[in-house]
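Next come the structures, one after another.
Two complexes come next, and they have one chain in common, chain A, joined by chain B in the first and chain C in the second.
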Partner chain A sequence: MSNNQSGESGTLSAVALGPFALTALVYVATVRADLLGHPWPGTAEAGLPSLLLAHLSAYIVTVVASYVTLIPYSRLNRSIYGPTGSRSIREWLALASVVASQGLAIVIQHSTYAEMLRTFALFRTPNWAVGVTLAIPVWYIARMRTVSVLRMTQAFFYLQILALPVLFLPLGEWRVSNLVGLLGRPSLAVLPALPPVLHLYFGAPALLLLDNKASVTVARRLIPAALALVALVLVLITVFVPGVLGRELLAIEAYPGMKYFQTTRIPNVERNDLVILFAFANVAISASAVLGHGIALALGAVGLGKEAAAVAVAILVAASTFIPMIPGGSQLYFVASAIALIVTNVFLLIIPKARTHE
Partner chain B sequence: MRKLLPQLLVLVLLCTTLAGCWDLRPIENLAMFLMLAFDLAPNGTDLIITATYPTFGMGASSPIRTVGITAGDLSHGLRLLQTDEDKITVAGKVIVYVLGESVWRSGRITELARQAYVRPDLSLTGFVVCAQGNASEIPPLKPPDENVVAIALWERLGKLQREGLVPRVNLLQVARLGQMQKDLWIPLIKPVKELSDLLYAGSVAFSRGQPAVVLDVRETADLTSLSGLAPFNHLQSKQQGGTPVSGVFSTVKTKVKRNEEPDGGLAIDVTSSFGLRLSTPVDFSVGSLIDTKQKASIIEADMTGRGQKILDKLRAADSDPLGLSVVSPFAGVAKARDTRDRYQFATIRYRAKVKVMGVGSV
Partner chain C sequence: MTPSARAAVTHDDGGLTPSLDENLEVIRKAFQGVEELTIRPFTTQRGREGALVFVSGLQDRDQLAFHVIAPLVEEAAITGEVPENHLARVSMAGTLAEVMDALLAGQAVGLADEWPVAVLYAADRRPDRAVASTDREQGIVGPREAFIESLETNIALVRSRLRTARLKTRTLAVGTSVPVDVTILYIDGRASATLLSEVEARVRRFKVSHVDNVSVLSEALDQSKWSPFPQSIVTERPDVVAMNLLEGCVAIFSESSPCALVAPITFIRLFHSAEDYYLRPALATAVRLLRVIAFVLTTTAVPAYVAVVSYHYEMIPLRVLVATAQNRAGVPFTPLAEALLIDVGVELLREAGVRLPRPLGQTLSVAAALVIGQAILSSHLVSPALLVAVGFTSLASFSIPDYNMFLALRLIRFPITILAGVISSLGIAVAWTVIFAHLCDLEPLGQPYLAPMAPPDFRQWKYEFIRAPRSRAGEDSR
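Presenting the complex of A and B:
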């Protein structure tokens, strides 16, 4: 059974990536639903300069890494997804780290998103019901062809555009004076808050693992768009929310991102935070489907079967909703995620030496 | 069919797991709080929380029900309310928070607002008002225009705010108090048990979270005019020995300049520019232009006097609701604190500039 995607015509390189399709794909790979749960308490302790400095460093590293690993990614795709008889240890490790990092990104997203759903909206719905509701669409989409996943991201992106104005409504409460307490000297207190948002920076590289035929040309178009989007999201994170809530309120709330949306009310809607929370349901599903599709391709390449891989991804999504129940679970997977993402990129840097299958 | 059956089963499973199946509750079984009123218990630490909610269904004997408990804090209180009530309590629909005199005089409003802020279900956009006397007297009232007191109060406050007569204060703003920004002034209401109604009684100006001074209705309106909150504001000034001059202000622009005095003190120059539409009878004679200018100068002098008076009163009480002592955040925290600390001893010079935008009946 040939499970790799080399024989399919519905690949990224076969699809004309227009500006809209490109934006949609980049959006789901970069902006994940757990972004709403950005942990600001560390930020309130360290101040905005620390947050900006930390993100700026990560951003520069990502820009450099994205371009340095552009060709290695292309080779990696051919190497690990392509028809191969035997793989080197290096290739096996790269494959394993890809699966692990994509899988952990899914775990982080769904555990955080499910926790927010339970906290703000579905107080009485049991974990398994939330998990199954999110897992079924992910399973359904992850087993599709790449081109179908791409079309799905576009369809979901339309819904996101509809919810976009809600993002700007709370700015009526924005005050420069709220930033007064946040403009101290940079300190390292912000570091514990960073691992959960690290994968934001790896959205662009993750896209390149989607397809064994994703050419360097496609990659060159994807990466700048993704990096621009990351920059935009960071402006929203560091300017909008602290300017509305202020230092002291940032420090005492676990989900200031959700509180940001609660600060305003649309007539007849009452709770804007729920509009955003449910608008992000399709982000959670489509981002996990894109990541899950990558895993399905990777596992398909080693003969596990795409269907089986999609089921595994769905189980992962459902199981993620139970992670916040495990004592200390959140810290553990944040650290694991950071390690997996760093390891993946280290492997990518050494891949040029690996055998290619042109 | 063999392929369709599993897909149908998955579809049915998806439908059964949808959130509504678990979180759906009939409206008759809900106690949706519209108003929460807070007083301090006689021991000075516990809170007396009084809530009111509309009743639904055929068996309801009254359109509203009022419940009250004494608890250590807000979360504890809401838990107790859930325990005491047969219905499922919903706190996310609160539109008005009423602070009793014991609460706002104790200076615990920020603490209370932050207890509400950290709850995921409480609305941050609900109006906050201070009450003269006990807040617990307000929920049982049945005002003549609307028998649900929360809605009556919400509508009246909304109307007054649209007219620029009272400030609009929500829970978020109270929770943010204490940070280096403008102080708050919160509308004040007075329950009238005999009429089963509410009266608007002015506002309470705070200084860093502590109550500083109570402003009457006219002072509150003057302050909203200065702050630019009022989209239009009527004013009537009396000419000495002549007829009254009246007009409507349409635009307000306030400039604040902080200067260091030679003696080391702080001087704050405040200039407000008002656009005025005179509502005096129109005189088309040659002398009417001069007359218009004279009338504008009368109003200008009146506005300057009233503005100076209210700003001096607030400064003496160390309350800064206009943010006259708020410096740019880029000046640094130390500078911001220093300016705020010197505000009470500053010299405030206020000047109103009135420009006649039009003449005629309004």
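Presenting the complex of A and C:
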């Protein structure tokens, strides 16, 4: 990828990407609002062990994709196409990977979150109003300098970690008996559970593709630890929610995450699920903004204009809120997800090595 | 001669001539229409013709009579041989430009026939007020003195607190039309050379007609000119300046300005008060926490009311909901219109209270709050619950120590309220996300605004978020 990311636009290598900054970046970009709307199909169909296995698989795939470089793609390309051709291929592959994986993560998150808003709170608000409200902050943040985006992830990381104990509030209703039916399911029926779980791990590691200089290479080694924190939160939710709701509710609830928070009581607040839902606006916007910033950087790096890319990301966010209203949108969603899974995980394996040999 | 005086030269820059008449003629022409220009001719004991020129009103009359005019007549001073007991500060000038500048600066100028040199007598006395207690940044404990409109006095007030030769100054002339002396104060070894050169460069580059007050220069230092959030502190307390200088900041003073500009600052510093350092650490920490709560209340209480009452009344417990519904019965406005109406009213009241003479302003504020508040309630224009929320919010905002921050928070409350009224609590969450992102993007003079939170410097947290005991902090204690 071209080296025109320096200076004001910022690069990951140009800023201090220490362990804390990397953890915050990975956490904020990966723990997203669609977590609340995650339909838990794996739990209902394949059982909890399958779901946990799916988490483990997703974790390993994501770590491997962002950490280990397997294919000496660059040398191969160089010998076939020459330096200019191979460089061009690298750039476009990186671009395709980043835009596909991060773009789809944005689409998945905002389509789910907007649908939840419509279902639980904003019954009469026009869809475009919700879309624009979510798109403007994403545009604003996506066009900021990389160093500012990293600082923002750190600031939001504190808030999200401080809010994490809320996750434990409904545990008073947690029953082992609720898990019994789910534990009995075959643990090897992992395939149905894998795609939705992999969706949850889309995100930040792809951002590191944009820059392969020393500090980012060092930071990449810390990704397993950073992702472990994300995985911990996701696994906790995966275990807590079925334990509180039970198999029957899981099968019929469209948004088990929201139902989970409805089971608890906060003094003087009647609908604490709404508090959680609106608090997740911050989660949704910050995650999309980080992912959108990655897309803006990627497009900016191949000369397509960072500002224009930020606008494109904002439009993507606004457009995502309409997806659940399209007839057959869910099929479209799963096809797109499958494509993104292939694009992300294949290209993630290729690009880092290609960049290393530059 | 001061840099501003030198820069103010707009007339002929040639040297003095030996002819007294010619020199006086040039001065008269330059000062045409300035009625205070006084020319006192005299003849020395040796019979040489001379004149003392000054702009009346800017001198100490006693000094002028006894320590300028008397030696002049003896001709000792005119040759530069000043008696040892001479109190006036004396310097020589060889050009008319220097003479003009000295006159504008309030000095008296001695000229003599057949003598191409002028003697400048610093017998100037500005009509300064005495150092008084601060009005704007009051506290219960701690020093009370405040800066005045004299640059020299203000620097002396800081220097009397920081008795070290490492306290350095750099003076510049700022202003394209009427230059004013601006002094940058810093502690050598504490303020980084990069920071100092950046501040100096920005102040030099700043093109403004005239620096009326030092706060004008904050525009030169700000990274984001349109941001509502202050990126420097304007203070009138010498102890605040001294503390910040010790922490590596620079302070900027300007002539005729009763306050100093301190930079760079961080967001959390705007919630610190000088009094924090004079209170017991536990108490100071609690007060700081209270200010953060006030910050949240100021910006969120009214928008939250609007969002909940307009969209999510199911979030309110039943008993409170019934009371709220009863309160709102008969109110003709939507919660958003109701909130904006009362918020704008409170802002008008606050602004009027500031502009009016103090006794009248206080009386009017109290009377208006009681009378208008009661009338609004009686006429059912707004609900009592909203009035309580607005009152509470106003009270909370007054606990923010920095005036610019106080105004910023009151200002950003309006767009948040409108967003809450239009798109419910989602608007509040979105607004806060944008505000946080904006704060992360601010980097006044290269220092991240949200430091030490983002980027994190956990060692500083005990000084910035809480007030750790000074003895633990070592030499650089706050």
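Just so we're on the same page, the second predicted complex is superposed on the first by the 266 of 358 C-alpha atoms of A that agree within 3 Å, B and C clash if a C-alpha of one lies under 4 Å from a C-alpha of the other, contacts with A are read in each partner's own complex, and residues count from 1 in each chain.
To be clear about the criterion, a contact is a pair of C-beta atoms (placed from the backbone, for glycine too) under 8 Å apart; a residue touches a chain by one contact, two chains touch by 3 or more.
Bear in mind that the values here come from a model prediction, so they are computed numbers and not experimental data.
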First (chain B), second (chain C), both or neither touched by A:122: both
First, second, both or neither for A:271, with chain B first and chain C second: both
Which of chain B and chain C A:177 touches, first, second, both or neither: first
Which of chain B and chain C A:141 touches, first, second, both or neither: second
First, second, both or neither for A:245, with chain B first and chain C second: first
Which of chain B and chain C A:262 touches, first, second, both or neither: first
Chain B versus chain C as contact partner of A:151, first or second or both or neither: second
Which superposed partner A:224 touches (first chain B, second chain C, both, neither): neither
First (chain B), second (chain C), both or neither touched by A:253: first
Where chain A meets both chain C and chain B, residue numbers: 121-122, 125, 129-130, 133, 136, 140, 270-271
Complex interface listing, chain B residues touching chain A: 10, 13-14, 17-19, 21-23, 92-93, 114, 117-118, 120-121, 123-125, 172-173, 175-176, 178-182, 323, 326, 328-330, 332-333, 336
Chain C residues within the chain A interface of the complex: 311-312, 314-318, 320, 419, 422-430, 432-434, 436-441, 443, 448, 450, 453-456
List of chain A residues in touch with chain B within their complex: 119-126, 129-130, 132-133, 136, 140, 173, 175-181, 183-184, 245-249, 252-253, 255, 258-259, 262-265, 270-271
Residues of chain A defined as touching chain C within the complex: 16, 20-21, 117, 121-122, 125, 129-130, 133-134, 136-137, 140-141, 144-145, 148-152, 154-156, 158, 268-271, 274-275, 278-279, 281-282, 285-286, 289
